[in-house]
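Next come two complexes built around chain A: one with chain B, the other with chain C.
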Partner chain A sequence: MRLRRLKALALKEVLQIWRDPRSLVIALLLPFTQMFLFGYGINLDLKHIPICTFDREGSQQSQDLFKHFQASLYFAIVENVKTYQEMVTALDRGACSAGVVVQPDFSQRLNDTGTASVQAILDGTDDNTANIAWGYAAAVVSSYSNDVQVAALDRQGRTLQQIQPLSVQSRVWFNEDLVSRNFIVPGLVAVILALVGAQLTSLTIAREWERGTMELLVSTPVTSTEVMFGKLLPYLALGWLDAAFCLVMAALWFEVPFRGTLFALFLTTTLFLALVLSIGYLISVLIHSQVGASQIALVVTLLPAMLLSGYVFPIDQMPPVVQDLTYLMYARYYVTIVKALFLKGSGIPELLTPILFLVVYAIAVVALAARAFRKRLT
Partner chain B sequence: MLARLLAIMIKEFLEISRDEAARFILVVPPILQMLIFGYAASFEVYHVSTAVLDFDHSQESRELIARFTASNRFDIVKVASSQHEINETIDGSAAAVALVIHAGFAELLRKGQNAPLQVIVDGTNSNTALIALGYVNTIAEGFAQEYATDLAQRVQGFAPNTGATRAAALV
Partner chain C sequence: MNGSEISDPQIAAEDLVKRFGDFVAVDHVSFRVARGEIMGFLGPNGAGKSTIIRILCGLLRPSSGRARVAGIDVARDPEGVREHIGYMSQKFSLYRDLTVEENLRFFGGIYRVPHALLQKRIQFAIDMAGLADRANALVSTLAGGWQQRLALGCAILHQPPILFLDEPTSGVEPTSRRRFWDLIHTLAAEGVTVLVSTHYMDEAEYCDRAALINQGRIIAIDSPGALKNTPLGGEFLLLECEALGPTLAALQKGPGVIDASVFGNSIHVLVRNAEQSLTRLPPYLSEKGLPPRRLERIHPSLEDVFVHLVAADLAKRREAA
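Right, the complex of A and B next:
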C-alpha cells in the first residue's frame, strides 16, 4: 500500500462526494432529523397517568384515598364514574389507562378488621405502562395505609416505629433521577451512526458501476486494498463529523451527563465508525446498483440496530436464542460503550470486552470486503 | 373494468410465483423478523442480576434474602463480602441490583425497631431500574408484614386488631 496512491484515491472520492450531493444529504440531514425525532419521540417516563375512580362508598376515608392519588405526580384523575359499565367504557376508549375502585364496605372493613382492599383495574395493552402504573398505585395506597396506621396508633398513644419493621433505603446510581432520556439518547447515537455509516459507503462501489467509471478504476494502477482504504477515508471524516454532531447534541441539547473521557469516546467511536463503514463497503461490493445497496444496508442495519442492540430493550431479558443473535449485531457493543461512557464514566479497562469484540468484528469485515472486491469487470 | 383488474391481478400473481427472489422476500423475512424482533422487544423484567452483601448473618437476614431468591424476578449472581466488592459489581455491570444488610439488622427487628435494607440500583436503564425497584419494595413489604404479624403474635399471643397491620391493600 502506497501513501501517495491512497491520497490520490481519497481525493478522487472527496470530489465524487462533493459532486453527488446524495451522500452529503445522508451524512448531514439524517443524523439531525433522527436525533430530534427519536430523542423526543421515545420517552418511557410516566407522569400523570390518566385514571378513573369509582367510589362505591363515598365516605370520608375513600375520598381521602383518592386525594392521595390526586396529589401524586404520577396520576391524574380524569373521570369519576358511577358504574362498572362506565369504567369499562372509559378503559375501552382509552380515556384512562387505569381504574381505581373502592368497595362499599371499605371504611367499615378498615375500622372493623384493620384491613381493606382497593381494586385497581389496569389496561394491559401496554404492559410496560401497566406494570409501572401498578407500582405507583401500590406506593400511593401504601402511603395512605401508613397515614391510617399513624392515625390509629395516635389514638392509642403509640408510635409508628413499633410497627413498621423494615424500610427500604434505595439509591439509584448512574442515572439518579431515572430519566429515560439519559439512557435512550446515548444508545440513539449508536443506532444513528450504524445506520448513516452503512448508508454512506453502501453507495460508493455501486456508484462506480452505475456511472460507468468502473473501467477507469480497474485500469488504474492501484491495488484493491488501496481502493478500499482510499474510499473509506473520506467517509471516516464524514462519520467523525456526524459522531461529533450527535454526541455534542446528546450532551448539550438533551443534557445527558457525560462522565467518561473524551479520549475513550474518540477511540471507541472511531473503531465503531471503521466497522460500520466497512460493512457498507462490503454491501456495496456485493450489490451493483446504488438503490439496491442502499436498501440492503437499510434492512441490515435499521431494525436490528433498533431492537437487538439493547438501545431500548434490555438484552438480558431476551430469550437465550435471541440473546445469542445480538452478538452479531455490532451496534450492541457500541451501545454498551456509549452508555457506560456517558452515565457511568467507565474507562477503557472496564470496557475492554466490548472493545475487543468491535476490533475482531472490524478486522473480519475488512478482510471480507478486501477479498470480495476484485478489480474485474464481470 | 373488473375483468381487466382481474387479468392484471392474475398476471401479477403469476409473475410473483415465477420469481424465486420475490417469493423468498415475501415469505421468509417477515416470518424471521416477527420471530426475532417479537421476542426481542420486551419490557418485562425477570431474573434481574442481583448482588448481596450480608453483614448480619442472622436468620432474619437470610430469610429476607431467601425471599428474593424465591421470586423469579431476582437472581442472586454474587455474594459479596465488602462494600467495595459491591461497588465493583455494580460498576462493572455484573449485577443491576445490590442488597446490603448491615450488622444489627436482626437485633433491630427483634426489638421492634425499624431495620433498614439498603438497595443500590444501576439506573442506566431507567425503565428496568424502576420496575426492579417496585419488585424490591413488594418483596420487602411482604417480609415486613409477615414479620410484624409474627412478632405481634409472639408478644401479645394473638394477632392485633388495631387497624395497624396493614390498612389497605391493592388487589
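Right, the complex of A and C next:
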C-alpha cells in the first residue's frame, strides 16, 4: 500500500463528498431525524393509561379505592360509567384501555369477611398494554388492600410487621428509575450508526462504475486495498462526526446517564464504524448500481439492526433459532457495549467478548471486500 | 503488414480471442506495434476495437491467445503493464465533480509522479489542453473537445511510453480533432507508442499504420497509402442521381459494373474499366428512365476500400463455411 496513492484517493473522496449534497444529507440529517423520531417515538413506559370506572356500590370505601387509581401516575380515569353496556362501548371506542368494576357488596364483604374482589376488564387487542395495565392495577389494589389492613390492625393496636415477618425490598440498578428511554437511546445510537454508515459507503464504488470513472481508475497501478482504505478513511471521519453527534444528543438531550470512560467509547465506536463502513463498501463492490447498492444496504442493515440487535426487543426472549441468528447481527455487539458504557460504566475488560466479536467481524468483512474488488471490467 | 517483422514490439498481440458467451468480440487478432509508432484502429462501432484495447490494458482477460505490452504478458501480469501505459477510455472517465487541476493532481498522486516534477507536468498538461484559464473550473462545465484533451493530459501526466486512446476524437468538432492529432504526433515524435481507435475513416491519414477492423477481425492492416491502393479488381466512379434506390438496383446489372454502394447522397460504383463505363453507363441508365446527374472517375477513399474489403472478407468466410 502506497501512502501517496492513499492520500490522493482520500483527498479526491473528500472533494466529492463535499460537492455531493446527497452524501452530506445522509451523513448529517439522517442521524438527527432518526434520533428524534425513534428517541421520542419509542417509549415503553406506560403512564396515564386511560381507564373507566363502574362503581356499583357508591360507598366511601369504593370511592377510596378509585382515589388510589386516580392518584397513581399509571392511570387516568377518563369516564365513570353507570352500566356494563356503557363500559363495553367505552372499551370498543378505544376511549379507555381498561375498566375497573366494584361490586355492590364490596364494602359489606370487606367488613364481614375481610376480603373482597375487584373486577378489571382489559382491552386485549394490545396485549402488551393489557399486561402492563393489569400489573399496575394489581399493584394499586394491593396498595389499597395494605392500607385497609393497616387501618384494621391499628384498631387492634398491632402493626403490619407483626403479622408479616418477611417482605421484599427491591432496588433497581443501572437504570434506577426504570426509564425505558435510558435503555433505548444508547441502542438507538448503534442502530443509526449501522444504518448511516453502510449507506454512506454503499455508494462509493457503485458511483464510480455508474459514472464511468472506474474504467480509468482500474487501468492505473492502484491496488484494491489502496482503493478501499482511500475511500473508507474520509467516511470514517464523517462517521466520527455522526457518532459524536448521536452520543452527545443521547447524553445531553435525552439525559441518559453516561458512566463509562470516553476512551472506551471512542475505541469501541471507531471499531464499530470501521465495521459498518466496510459492510457498505463490500455491498458497493458487489453491486454496480448506486440505487441497488443503497437499497441492499438499507435492507441488510435497518431491519436486522432494529429487530435482532437487542436494541428494543430482548434477545433472550427470542426463539433459540433466532437467538443464534443474532450472533450474525453485528449491531448487537455494539448495542451491548454502548448500553453497558452508558448505564453500567463498564470498562474495556468487561466488554472484551463483544469487542472481540466486532474485531473478528471487521477483519472478515475488510478481507472479503479487498478480495471482492476486481480490477477488471465484466 | 501486421508488423510481424518488428523485432522489438511495444505492443504485440498473437491470436487474441475474446468471447462474451456465444458472441465473439475479438476473433483471432494478431499484430505488432513498434516503438514511437502510431497505430490506428479503424472500424464501425461494435467492431471490437475497444475490446482489443481493453485486453491490452489488462482490463479484460482474453479467452485465448497472448498479448504483450512493453514486453509484459497482460493476462499474467496486468499490474506490471499498468505502470507503463496511459489509457483514455471511450466513455469520458475523469471526475466531473472535480476541477481540471484536481483531476490532474489526483492522477499525479495515483501514478506517484515525483512531487518535484508534478507541478511542471500539471502545467504542461493544462497548457497542452489549452485550459490555462479554466484550471479551476469543474470538469463538468467544459465542452467536449476540452474534456477530451484534458483526458489525454491525465493519460500522459506520468509520461507513459505506451498510450492507448479509445476513440479520443469521438463527438469532437473537426478543428478540435485536428488539434488532437497534432498532440498525438508530438508525443509519437518523442518516442511514445500510440494505439488509437476511431470510427472516422479520414483519421487513418494521421496514423503510421492502420488496421481495418470488422466483426472482431482485422481485415487489413497497412500504411494508409498502401491501404488506399489495395487492388480491388477495378476502378471507381462517383454517380449522382435523382432516385438512389432504383439506380442502385439498376447498376448491379449494369455493363462492366462489379459492385455499387451508397455513400451519403451519391453512389460509388466499382467498374472493371473506368473509361468504358463512363461512356456506356449514362445511356444504359437513361434507357431505364434514371439519367445520372453527374458521373466521374474518383480515387477510392479508405471507406471504399473498407466497404469492399468487408464484402470480400464476408464472401471468403461464407465460402470457407
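Everything below uses one rule, namely that the second predicted complex is superposed on the first by the 378 of 378 C-alpha atoms of A that agree within 3 Å, B and C clash if a C-alpha of one lies under 4 Å from a C-alpha of the other, contacts with A are read in each partner's own complex, and residues count from 1 in each chain.
By definition in this document, a residue touches a chain if its C-beta (ideal position, glycine included) is under 8 Å from a C-beta of that chain, and two chains touch if they have at least 3 such contacts.
Worth saying up front: this structure is predicted, and the values here are computed from it rather than measured.
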With the two complexes superposed on chain A, say which partner A:42 touches: chain B (first), chain C (second), both, or neither. neither
After lining up the shared chain so the two structures overlap, which partner does A:148 touch, if you call chain B first and chain C second: first, second, both or neither? first
Once the shared chain is lined up, is A:221 touching chain B (first), chain C (second), both, or neither of them? second
According to the stated criteria, A:4 is in contact with first (chain B), second (chain C), both, or neither; which is it? second
Looking at A:113 after the superposition, I want to know if it touches chain B, chain C, both of them or none. Which is it: first, second, both, neither? first
Looking at the overlay, does A:127 come into contact with chain B only (first), chain C only (second), both, or neither? first
Which of chain B and chain C A:251 touches, first, second, both or neither: neither
When both complexes are superposed, which of chain B and chain C contacts more residues belonging to chain A? B
Taking the touch rule as given, give the residues of chain B at its contact with chain A in the complex, in rising order. 29, 33, 36-37, 39-47, 49, 64, 90-93, 109, 112-131, 133-134, 136-138, 140-141, 143-144, 147-148, 151, 160-171
Touching residues (chain side chain A, partner chain B) in the complex: 44-45, 65, 110-111, 113-120, 127-128, 131-132, 134-135, 137-139, 141-142, 144-146, 148-149, 152-153, 156, 161-176, 178-180, 182-183, 299, 303, 307-308, 313-314, 316-319, 321-322, 325-326, 339-340, 343-344, 346, 350
Interfacial residue positions of chain A with respect to chain C in the complex: 2, 4-5, 7-9, 11-12, 15-16, 19-20, 211-223, 375-377
For the complex, which residues does chain C have touching chain A? 54, 57-61, 78-79, 82-83, 85, 87, 89, 91-98, 102, 105-112, 154
